[in-house]
Each structure stands twice: as C-alpha cells, then as structure tokens.
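Labels for the chains are A, B, C, D, E and F, by order of writing; each one numbers its residues from 1.
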Amino acid sequence: MSELSWIFLSAMVVNNFTLALFLGLCPFMGVSARVETALRMGAANIFVLVLTSLTVSFLNAFILERAPYLRIISFIVVIASLVQIVETVIKKVSPTLFRELGIYLPLITTNCAILGLAIFQTNRDYNVFEGLAFALGAGFGLTLALVLMASIREETELADVPSIARGMGLVLIIAASLSMGFMGFAGLLSST
Amino acid sequence: MRRNSTFHSGVHPDDAKELTAASPIRRLPFPDEVVLPLQQHTGAPATLIVRVGDRVERGDMIAAAEGFISSPVHASAAGRVAAIGPWPHPSGQYQTAVRIAVDRYAAQTPRRRLVPNWEGLSPKEIVAAVQQAGVVGLGGAAFPAHVKLSPPSDQVIDTLLVNGCECEPYLTSDHRVMVEYSERVYLGIRIMLDCLGIRRAIVGIEQNKPDAIATMTAAAPVDLDIEVCGLEAKYPQGAEKMLIKSLLDREVPSGGLPGKVGVVVQNVGSVATLAEVFETGLPLIERIVTVTGPGVREPGNWIVPVGTKLRDLLAGSGGLADDASEIIFGGPMMGVAVASLDTPVLKGTSGVLVLSKGEAPPREDYPCIRCGRCLDACPVFLNPQRLGNLATSERWPEMLENHLMDCMLCGCCSYVCPSNIPLSHLFTTAKTAIRRRPVA
Amino acid sequence: MSGGNLDAGTLDVAPAQASSLRMVASLGTAGALAGLLIVVVFTVTLAPIEAHKAEVLKRAVSEVLNDPASYETLYATPQDVFEAPPAGGAERNAEKIYVGLDAKGRATGVGVKAAAAGFQDVITLIYGFDPTTGKLLGMKVLESKETPGLGDKIEKDLSFVAQFRGATPPLQAVKRVTGAPGEIDAITGATISSRAVVRIINESLERLRTPIEAHFEETSP
Amino acid sequence: MTASTRIVSASPHIKQGDSTPTIMWSVVASLVPVVASAIYFFGPSAILVLAASTAGALAPESLLGGRGARSLRDGSAAITGILLGLTLPPGIPLWMAFLGGAFGIGFGKLVFGGLGQNVFNPALLGRAFLQAAFPVAITTWPIRAESWWNLRGDNFALPLMSPSVPEAMTGATPLGLMKFEQMTTPSWDLMLGTTGGSLGETSGLIILICGLYLAARRHLDWRIPASILGSVALFSTLLHGLDAARYPGPVFMLFSGGLMLGAVYMATDMVTSPVTHRGCWIFGAGIGFLVLVIRLWGGLSEGVMYAILLMNALVPFINRATQPRIFGTLGVGGES
Amino acid sequence: MRETTQQEDFLRGIWRENPVLIQMLGLCPALAVTNNVENSLAMGLATLFVLCGSSLLVSLCQRFIPGEIRISAYILIIATFVTVADLSLQALVPDIHKALGAFIALIVVNCMILGRQEAFASKRPVGRALLDALGTGAGFSIALVMLGAVREVLGSGSFLGVSLFGPSYEPWIVMILPPGGFLTLGVLLLGLAWWQERRPDRIEASQRRQAGSQEAIAVAGIATSGRPTPTRGEAG
Amino acid sequence: MDLYAIFQSILILSGVCVVFGALIALAHSRFRVFEDPRIEAALELLPRTNCGACGSPGCRPFAEGLVQGEQQPASCTVMGPAEIEDVAQLLGVEAGEANKRVARLLCAGGSHVAVQDAEYRGFASCKAAASVAGGGKGCTWGCLGLADCEVACDLDAIHMSAALLPIVDPVRCTACGDCVDACPKDLFVIMPLEPHLIVQCRSELEGEEAEGLCQVACNGCGKCVLDAAEGLIDIVEGLAVIDYTKHGLEAPGATKRCPTGAIVWVENAQLLEGTGGSATDASQTAE
C-alpha cells in the first residue's frame, strides 16, 4: 500500500512527468493557454494514460513475453490505434469536445507521456496495480502542471509582458519556475 | 429594529464640509442669461415647445415631458428665447439647450399658481402634478420623482427612506436644507407617504451632521411613523443600496431597484423641493447649490435659477482663486469635471467644487500591485482589480462576466488604489463603450 | 504555435473512403514487414548487446565480490534459494543472486541486486555479502538519478563506497561516526541518499539473509 | 485662469494618502531592525551579502526595467534584494548573492512586465535558483565565529569559482539537526536568534514585531501570516501529540528556519498573493501545510521557500475561485 | 499549396522553421537529454536517422496508405526505425544508450517526426521528402547541440567532457537539472525574439508607431497611464 | 538465424496490426463524420487574420461560405489578387470583384488648429477622455488624438500625425471597421476608395462659434452647396452633408470657395492632399 502511494506521489509531484521528466511537453506548451482546455486536456490524458497502463500490462503479460524487442512498436501501434478509435468516437458523440481539443486529440497519441509511461512501467516491472497507480499519478501530475500553467498564462495575458517574452519564451520561464518549485518535493516519503 | 447601522466596505475620506456647513442658504442676483438644456433628468429628453424669439415668463413650460419616464423643463427666469442650439452640458457633450435672455426689468414672480394644491388630490393626481412640475431627484441621478411615486402594482412598498446622508465630501446643500427647512422636508414626506399610501419613513443622516440630526429629530411630526437615524459617516453611505442595507438590512438584488425590497428612496432635497412646489405653486425652477472648495474665494450655499451659467455662479461666489485648477459639478468622489465656464447648473447639480493646484496635484501612476485594497473598498463586492485589468485591454465581454454592470461608479476603488489606477473611470469608459456597441 | 505544421493538410480532396478490408490488409502487411525488419536487426545486434550486458554485470559482481574467479546465477526467495527460476507462486518474488566462486569452485560470497526509492527516484545497486563472516564485501550503485554533485556521490565518492567493504550489517548511516559496528558515515549534503543506500541493503538482507545463509551452509560445509 | 492651467480629470478627484512607493519604502524601513539583527549576529558577512544581493536586484531593474528610473524609485526591487539577502547563508560567495538577485528580478519580475505583473515571488525565485544551482554553498552554515569581525565563510570567492570553506567552520541549522540528527534546539535560542541559519531567519521575535507594525499600517494583509502560523501551529501540535519523538512541537516549528520571515515578509508580497480575503486564508493555510509536508516527510530540512513558490503558482487559480459574493446576490452563493 | 525550391526544402528546417526553436516541436527530447553535448549530438543524430528513414518510406508508400489509417501506418514505420536505432545504439555505444534512457524509444512519439510525415513527406516525391527530412533533422540536431552546449558549459564547466574552467569552477547544477532545460530554451527564445526585433525594418516600424503615440501623449499634456498594448483575446 | 523468432515476431506484429486495423475500420464505418475537406483546404490559403472585413465573423466561416458558394474569394480584402486567384482556382469558382474600401476620418481639427478648453489628465485613451468633459477639447465632436483607433487597427494602417490626427494608410487599410468601432466620437466612416468629396468635420456649431473652436471647422456657410451639383450637398444642423447616393455628380469644384477648407476632394490618402489645412504638413512630417 505505501509502495503504491509512493509510486503515485512520485509520479505526480516528485518526478512530475512534465516538469521533471520532460514528458508530454508539446501539449503542455500548446494547450495551456486556457484553464478550461487545460482541464479537458488533462482529463483526456488521464484517461489515455490509464488505458495505456492497462494495455501495457496486458501486452507484457500475454504477448510480448517472448519478444521484448517488439515492445516499442507494439505499444505505440496499439496505443495509437486505441486513441484513434476513441477520437473517432468522440468526434461523433461530442463535436464540441472534439473542436475544443482540436488537433491535440491525435497528438495525445504521439505524446511522450503515453509511451513514456508504457516504457517506464515495463522497465520497472510494475504489476497491474502499481501500473495503475503510476498512470494515475502521472495523469494527475500532468493535469496539475497543465492547469497551473494555464491559470498563470491567463494571468499574464493581462500583464504588460515585454514584447520579446510574449509567447513561448515566457511560458518556458514559467515552466522553469514551476519546475524549481516542484524540486521542493524531492525526497518525499523516502527520507527516513 | 436595526441590525446594521452601516454597510460593509466603503471608504473614509476627509469630509471637508466645514467650508460651507455653517453658511446659510442665500439667494444670488438673477443672471443675464439662463441656459436650459432639454436633458436634465434620467429618461427621454423633453420636447421643445418654444421657438426663438418667444417671450417666456418664470415658470412657463418650455419643453414637455416625452412619455412617462421623462420630465418637462420650465423657464427659470422671465425673458426672451434668444437661441436654441448645441450648448456645453455638464456631461461633456454639447446638447440642445434653450437660451433665455433674462428680462432685466421683469418682476421675476409668477402671475398665477401653476401647480395645484396637494390637499385633496388623489395619488394619481399628485403624480401627474409632480410630473408637470418637472420635479426630479436632486440626489444625483436626477431620476423623475413622479416615477418613484407610482410603483408598479406588483411591488409592495412599505417604507420611504429619506436620504440625508450627503456622504460626498465638501457638499452641504442637503445639510443646510435639513437645518433650515426641516418643516418643508416633513411636508414633503407627508405628501409622499400620502401618495404612496404608506405610513413609515426613515430619515438617514450621517453622524457628522449632528445639528441636522438634532433639528430633524425635533421637528419630526408625531402623527407619522417617522424615525431619524444617525449613520456612520462613511462614503458611500448615501448610495441607495447602501442606505437600504444600513437602515433596513435589506439587500437590493443585483440589477434591481429599491422597489424590489419594498423601499422608495428620496433625497432630502428632492423631498423639500416637492413640498416647495406645492407650497409656492411654482414648478422646479430653482435649486440650492453649494459652491465650495479651495479654488473659490467665497464658498457658500446659494439658491439659483436652474440654468445659471457656471460663470455667473462663480462670480456670485467671489470668483475663482488664483490657483484654481479644476471645476467639478458635484462632489469630489463622483462629480464630473467641466471644461467650459458656460456650462449651466442643472436641476440635479447639488454643488460646484473648485479644486486648487495643491488639492489635485498630478500623481504618478504605478502598475497594479494586487494589494486588494480596491476589493476591500468596493461596497458592492466587485473585483475592481480584475475589472481594471480587463478594461485596459478593452475586454468588454469578460468585464460583463465579472459583473461590471453592478458597479455604481462610486469611485471607492480609485480612491484607495495606491497605484493611482483610475479604476472607476475605466469602468465608466467600459460602460459607455458597451452601451454604444452592445457586446454579445 | 506548436502543432502549426501538423494541420491535416488534406489537399488531396476527399479520397473515396477506403474499404475496410484494404485498411486491414495494408496495416497487416506493414506490420509483417516491420516485424521482419526488426527481428532481423534484433538478431544481428543480439550478440553484442548481450555481451555488453554480461560484461557490465560481471564487472559489477567482481567489484562487490572482490574479484571471484567466476560466478553463478541463482534465484532466491525469502524462503529458499533455487538453481533455476522457481515455477508457480514463488516466481514473482524470486530475486537473482550471484554467487562468487573462487578458483576451486568454492563460494566466496554472494552478490545481490536491490532497489528502492532514493532522493529523486529509485536507486538500484548491487552489494556483496559474505554469509560466512556475516560481513559486506562491497557495494556498487548501478543506476540512480540522484542530484549530480550531491546525491551522485554515493557512486562517485570512493571513500563512501569503500566503507561498505567489511561493514557488518545491519548498517546504520550516521552523521557523526562513533565507531560502533555497522556505522556508515553519511555524506554531507547527501545524507538522504546515503541513508537510502543503507536502507536498501538492510531491507534486502533482512529478506534474503536466512535463505542465503542456509544455502551456504548446505553447499560449503 | 487660462485654458492651459485648467484641467479636467476623472472622478474621484481626491485620493487616499498611501501610494505604491510609500508602501514599498515603509516595508524597507521596517526591515531595518531585521537587517540590524542580522549584522549583529553575523558581522561583516551580513553587510556584504545583503549589499551584493541588493545590487544584484537593482542591476537588471535599472538596466532593463524601463520607464526611466521609476522602477528603482518605487522601492520594490530594493525589497527583493534585501529579502533575498536575508534568506541566504552568511558565508555565501558574493557573486552568488548577486546572481540570485539578478535572476530573481530578471526572470521573476521583468519578463512578466515588471512591478505588479509577476506570478512568483522574485526574491524566493532567486533563492530557489541559487539552491538548485549551488546546493552545497547554500546549505553551508557557519558555526559561531570567534569575533564579530570575522567573515563567516568565503564571501570573496572569485566569480564562478567555488568557495573554500574549511569543514571545521561549518555547522548545521536547527532544522537540519532535527531532521538528520534528531536533535532539538532550545526555544529561547530560536526566538532570540542565537542559532545557525541564514541571515534573516535567526530572530523570530523581531520579525514578528516588525510584521505587527506593518499589519497595523495596513501594508500587509494580516490574514496571511495568521493563517500560515496558525496552520503550522495546529498541524504540528496534532502531530506532536501523535508521536512526540518523531514530530517536534509547535514552538520549534514556528520559530525555526525561515518560517517567520517567510510568513511575515514573503508570503505577504501583495503581488504574488491572492487579492481576496478568503483567498488569503486558503493561500496561508496551503503554505503552512506544505511547509510541514516538506519539513517532515520531504527530503529537505526546510520547505518555506518551496511552499511559498508553489502556492504562488496557485494564486491565479485561488483568485478566480474566491471571487467575492456580489452585493445583492444573497443566497445565490459565490461566484466561481 | 505554394511551391518551394529544393534549397528551400532543405534550409527551411534548419532555420526559418526550426522544429525546436520556431515550431516548438519535439521538445521532450530537446530538453530531457540535452544536459551535455555528447548526449545532445547522439539524440540529434538518432532522430535524424529515424526522420530520414521514415520520410523516405512514407513518401514511397504514400499511394498505398488509406487515409483512415494514415497515422497508424506512419507510426508503424517510425517505430520500426526507432527500434532499429535503439537496438543499434545499444549494440554500438551502450554508454550513450544508457544515458539517453527511454528517450531513444520516445523518438517514436516526437511530434516533429510525425508532423513532417503528415505535412510534407506524404505529399511529396522521395527526393523532396528526403531533403526536407535532412533539413529538419539537422535543424533539430543543431538546436539540441546549442542547448546541450549551454547546459554543459554552465552546468558542468566542460564542453564535450573537456573541462573548461579548471577544477575550482563552481558548476551551476540547476542547468543539468530539469529547470535548467526549460530555462535554457526560454532564454534562447528570448534572445531570438530580441534579435528579430532588432532587425532594421522592425525597428523603424515600431519607432514610427511609438513616436506617434508618445507625441500624442506629450502634446496633449497627458500626465498619466501609459496603456499596455492590448492583447486581443487569444494570446499565445 | 532463428526462423522461429522471425515467424513469431511477424505473427505478433501483423496480428496486432490486423486486429487494430479492423477496429479502426469498424470505428470509422460506425462513427465517421463528414466534413467537406475543401473548407480546410481553402482556410489554408486564407490569411487567417480573422479581420472580418469580408463580412463573415472570421476566416473559417468565410471559408465555409466560400465552399457553399455564398461568398466570393475577392470579398477578402486582405489577400492580394494572386492569392485570391489561388483560392478561386482551388474551389473552381469566379474570383469575383473586389471593391476597395477604406476608412475615412471626418475631422481635420488637429492640435494645431483646434482649441483645447482644458488639459485632460487621466488614462490615455480617447474612450476614457471622452467621458471627462468630452476630453477638454473645445469642439465636442472633434478628434481627441489619443489613438484608440491606432491601437485598434490590427493591420497597422493607422498612425498618429504630429498634429495628433490619425492618418489612414489606404494601402494597408482593409476596411475592417475596427477603427469605426473604436472611435468614441464616431469619426470614421468606411467608404469606397474612389475619389470624392468629404466634409472633414462634424461640428454642429455654426459660423463664428464653430470657427472659434477650430480653424478648419465647417461653419455651415453653404458656399459648397452652391458650387456643387444641384442636390448633392445640403446644410443640416450647421454642417454640410453630402448625399453619396449621387456619387456621379461629385466634382472637385465644390471645395473652391470653402472658407475653412472643411470640404476636401480626396483621391487617395486623406489629409495628405488638398486638405487646405496644415494637417497636410503634419502628416508629411510624420511619414
């Protein structure tokens, strides 16, 4: 149990996927202009991460046992296909949601966070539950980072930001600051 | 009965009333010309009924009300209509006005009673008479008084609040009215209660006017349910929503009018004028104006004809001091600066304040430091900080989402802002822009 | 900004929808080809990769076991030690251990891999343990993400690493050495990482000490 | 009166006295006793470090701040520099102190557009940068010096070069002792400041008094220190009750480390704290909670800086979530 | 679509549409592995290899791939090359492979690669696609090496492992930690923006504008409140 | 080489691919949403400034309009002829006819000719100034010169002259109308670029009153009415008003006897040529 919570917290704050491991930066930069969208993107990410974790557990246990060299390719193909299916369904079911996340829905597939999760989970030999804790931690961590970034960006939109810093320069510096802030969590639950 | 004797938030500016608080109300000589804009009240402007060259007597109607929410304009002096055309208006825009060359030799008295005697009139007839007499609120908004006297049938009014707060610094016209004409105020209250068919009235007076509280308490008629209440001296105690909160602990719903909570609010000056109109039989053609501030030589409270030009009013007050820098119609918190000395006094002009250079030094502005003082000061609990930010980048729709329309432009936020950000001015600007081009 | 170039540039106006069969077939074919390519590369690279891995392991084992002549890989669970991966329920808990053998084939010590959370992330290390003397033979960090300049001293600070040779478990990381057995002087500025190393070894030994000692008594009377 | 001398301006035409520079400078003034105690305890090193960090803060502000010299006149950069200096250990090389100030102002303030627009506390961002860049130098604490005149470390290390501090000269802070060696420090030492630590954290009582003065002048929102100190006191009392051996009591928690300075001077930076009252309570409680989490379960012995920075990041969100209830919407509930 | 010259196809990716510095694509590897020059270079080359390989193949096979499964097919192709690169690096330079860790595998999901397939390779002849891939890959590598150089010099005091300042240099550890990655790229972008703003034509334009407004303010004698340039709704 | 391994890996991968290919195919056939790809393609070619000058709320709706045949490519005022042709070709439609329109300013009373009653002190924006005693300018209808229009113009087509009047660059102006919305004094009108008469004044004052506040005011003397074709110009509330429905009758002659130069014949840029007022010089120095 405490192992699970460590995995969860570690993935969420100590080794936050976005701010410490540099996974999933493209959507982090692209979809963090509005809190609304950031929340939705975060939710979508949590969903896909959990889906991925389950899929990977399954693939590792039943199919890739014999052919570990096929991991990368199988993971990505399966995840990409799953997301594409989900995407097609969403497009039909909720065109608004689809429009909101627009181009980034397919990008979740090609998001490092997803494949990164698959690979880390495999390398660390997580079982299904550990994998789930990991996926949830990673997902909530991503969402946290996205939402923080989005709320700060909305704030700076009203600020008198010097012209050279408008756009991604400022975003990256905010990310650096956030990342420094998250360093405060280093060593959490492992210092005794 | 009263749980609150004040409201939350607000500010405590120095009231600076000592300049004129003890000056009795006096009359100024008639000016050579009066200028009467057709728009002197909230609502539809009046329609012209005279032509250039016409001769008018004091009290003659020169523009008729245009519908129910409107009010006529009367000649405030006998003379000849010299011109009709655009003229500087306190709003800052030129507006159509009737210029009357005052007849030097005419007896400036009416020949007949123009307003009927109130006794024996039905509420409906009182309302009609009040409208015909052109009575509007003298507390600031210049809302036609007869409209408040005929509440819609679905509203049950139980209390008349008489607003004697005069919370704006410097101004003392209401104060003097209460001290000098308390009987007239009570007559006005009596007429209004009669018209509204209720019995209860509360007079709210800020505690910085103890003599007014004393006189009003002493003069209160015993046959009516009247209470005189001292209120904390705090700006904007006199704003009607705040007054209702303080006196009755009722909150006027956002976007609603006092009628929604069973209250009619009238300024003491309006009440006294109502009485005066019925007493003298003359429509509203004169008003009491406080001329004050470090920029005038002889501050005082004057009775002048409506339409007196600023130039004449200042001349009557000893002229401008050498270091006079800014002339304001109204008080320092909500009053509007005027540029032209030809601007006439309107029915709703309660005072003219002239600031000197020392009093209004140029101040440096700084970026908002998010100190939150404006939030603490705002009597209606808006977030002026955010609104201000949105206003500078002209994001009107978001301002509406942030309740811009609840802002009453009281100026408390600007008053406290250490960074000197003109918040309430930005909100005025935003409201104007939105009114001109409604956003979705 | 990002993704600007990714807009579905569908200039080729509306291709008639491909038949499902064709989609499945082309994906299947592509998959088969990809599989073929990968397996070929895999087979080619297998040997060097394996050799490298073995080399790394061998170096690590010889470092923590004082250069044994050879070593054999066994599988330990908290209950027992096996020659081959145990089947059934015990499988998941089995850990690989490396028994160092001297030239005569006698066991000189056992190398154990262990991992747990450090300051930043998981620290993986291997330590050598001599069941006969009950002392450690050495410790080497295999993988860690500790802060460069601070936490990474647990692998780079040789005097820290040297302390493990001959230390008697259970260990204790202290800031001021008093001379008690099992004391490890924690690195200043990396106290947490030092303690993590100590904790990892202690916990691992706690789990495996009994079966390992039992196994040693059996094999080397 | 000619046209050119008459002005027209928007209402209100009168203003309350306080202006942004007067607020800032009075905060600077209130820091004098704190700085004095730092100098008393740490000698010439304190003066040097404070001067270097302040110079570091002023340099980019005057070079890049724009708007003429106004950004210097408003006093905010001076506060940043002094406060940064107060969070640094006395023996830190001057070039690092300077760099921290420059980083804090440059990347914590100017990129956001200068005064009032920043999201993170510039002084703490500068310190966070130093801590991440030079973790050893910034956690090297001097033991008591022989005479007041001695430097407390290698202040004069060459730029970009490491300080050389003899091992014998370094000690530990009360928090470090508590966390890594389970040793507590007597409460009076903590309150009076006779312990090791960074320049401004050694005398909780003086800081508290200065804070009361500022709160009385309404230059800081008392809700923030109150909720920080309150939540730390509350949680640490609870935990201390649960396991007194593991969790130190509230007095130790309140007066050790940078908590006082952080709660009184840094969390209260109006620019980087919420504007609403409810927001301030949440913000403060969040800081208190995070401080305890980091101190008790985290890898570092002190967490005030990180707690404040992390809550700074949440401020836009808090502001949005705690909009006041609009007058006349009684019963309708708050605005989200 | 506007036609481009061959030279443009190649050069575009290196500078004008540099994937990292301008388009902000493929940021994860660009920040994660650039704590020294060696890793940056290895990552850049590995990516270049994958990009060229897959562009080639995609461009060759574009006619056979039905639109609906286009993405899956591209990913399959990319993943194949990545696996090849992964295995080869592991066999040839195991130390670097270890340093790059999972990020070799993560080349698969480098948005830049898929982006090039979608936007370019799938619509162009082989030669063109290859040129574009080379340019983009080179641009990517250059950006990575730039980042890696800054971070290694400041963070370790060395370049390609060669110590620059001697042993008493105090490394800025933050530069090789995650915040350093964000920071370096951020500063790089600020510098780029500054440089672009200083280009003569822009200076003139902005001066002209400013002169106008400033004069307006000066002449009217307006004492207060400069206003910020309004941001219209969707900044960023 | 291990044949078994090869076989196995091919099997696994092609199996995975087939299964998911089938799933995708299924999803597509069940859930597909049709969207005309030409919309996306046309949008690609549009400038995406979302200026709204075409009458659509933005470029995407314009693209949809194009595809549905409700819009003509030339309605976009931002694209050049070549680009318009591209769009027309893509969609296989006529380019349509562009009708260049620009914003014109109805005030020439810069700070050099108009009287300022009082100094405005406050937020530097015309909208804000307009609410404070009309900005302190003598003429209540005139331009306040605080550049709201300049800020509003996304296309950088406006800059303020030294006399604090906005100068519109007719080349850059796309007639988007942002400046019309921005000006609190309603001084901008959008009209065709073709040469014509403009009365650069909105003051309703007459005679000396008007001229007292601004040297280039229209004082309502009526001379232009006589000089122009019958019925083209009329004096309404002290102001000459041109009936633009009679465009054909316009001629430069009408400006000949105007005593203040309030009426001008404009051929291209306004305030640069034949204004009669010295705004000419001002704008040239600002160029």
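Methods note: a contact is a pair of C-beta atoms (placed from the backbone, for glycine too) under 8 Å apart; a residue touches a chain by one contact, two chains touch by 3 or more.
None of the values given here were measured: they were computed from a predicted structure.
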item: Given chain A and chain D, the chains that contact each of them; value: B, C, E, F
item: Of D-E and B-F, pair with higher C-beta contact tally; value: B-F
item: Chain located farthest away, centre of chain F as origin (C-alpha); value: C
item: For chain C paired with chain F, centre-to-centre distance based on mean C-alpha positions, whole Å; value: 69
item: Geometric centre distance via CA averages, chain E-chain B, whole Å; value: 64
item: Geometric centre distance via CA averages, chain B-chain A, whole Å; value: 60
item: Gap in Å, rounded to a whole number, between the CA centres of chain F and chain D; value: 51
item: Per-residue overlap in chain B, given as positions that touch at least 2 other chains; value: 336-339, 362-364, 367, 392-393, 420, 422, 425, 428
item: Residue list for chain C, restricted to those that touch at least two other chains; value: 1-3, 6-11, 17, 23, 26-27, 30-31, 34-35, 38-39, 42, 119, 147, 149-150, 192
item: Numbers and ranges of chain F residues touching at least 2 other chains; value: 5, 9, 12-13, 16-17, 20-21, 24-25, 28, 32, 44, 116-123, 125, 128, 131-133, 135-136
item: Of chain A, residues touching chain D in the complex; value: 35, 147-148, 151-152, 154-156, 159-162, 165, 169-170, 173-174, 176-178, 180-191
item: Chain B to chain A touching residues, read off their complex; value: 367, 389-390, 392-393
item: Touch list for chain D against partner chain C, complex; value: 135-136, 139, 180-181, 299
item: Parts of chain E lying in touch with chain C, wherever the complex brings them together; value: 1, 17, 23-25, 27, 64-69, 72-73, 76-77, 79-80, 83-84, 87-88, 90-92, 94, 111, 114-116, 118-119, 123, 155-156, 171, 173, 176-177, 236
item: Contact footprint of chain A on chain E as seen in their complex; value: 24-29, 31-32, 71-72, 75-76, 79-80, 82-83, 86-87, 102, 105-106, 108-111, 114, 174, 177-183, 185-187, 189-190, 193-194, 197, 228-229, 231, 234-236
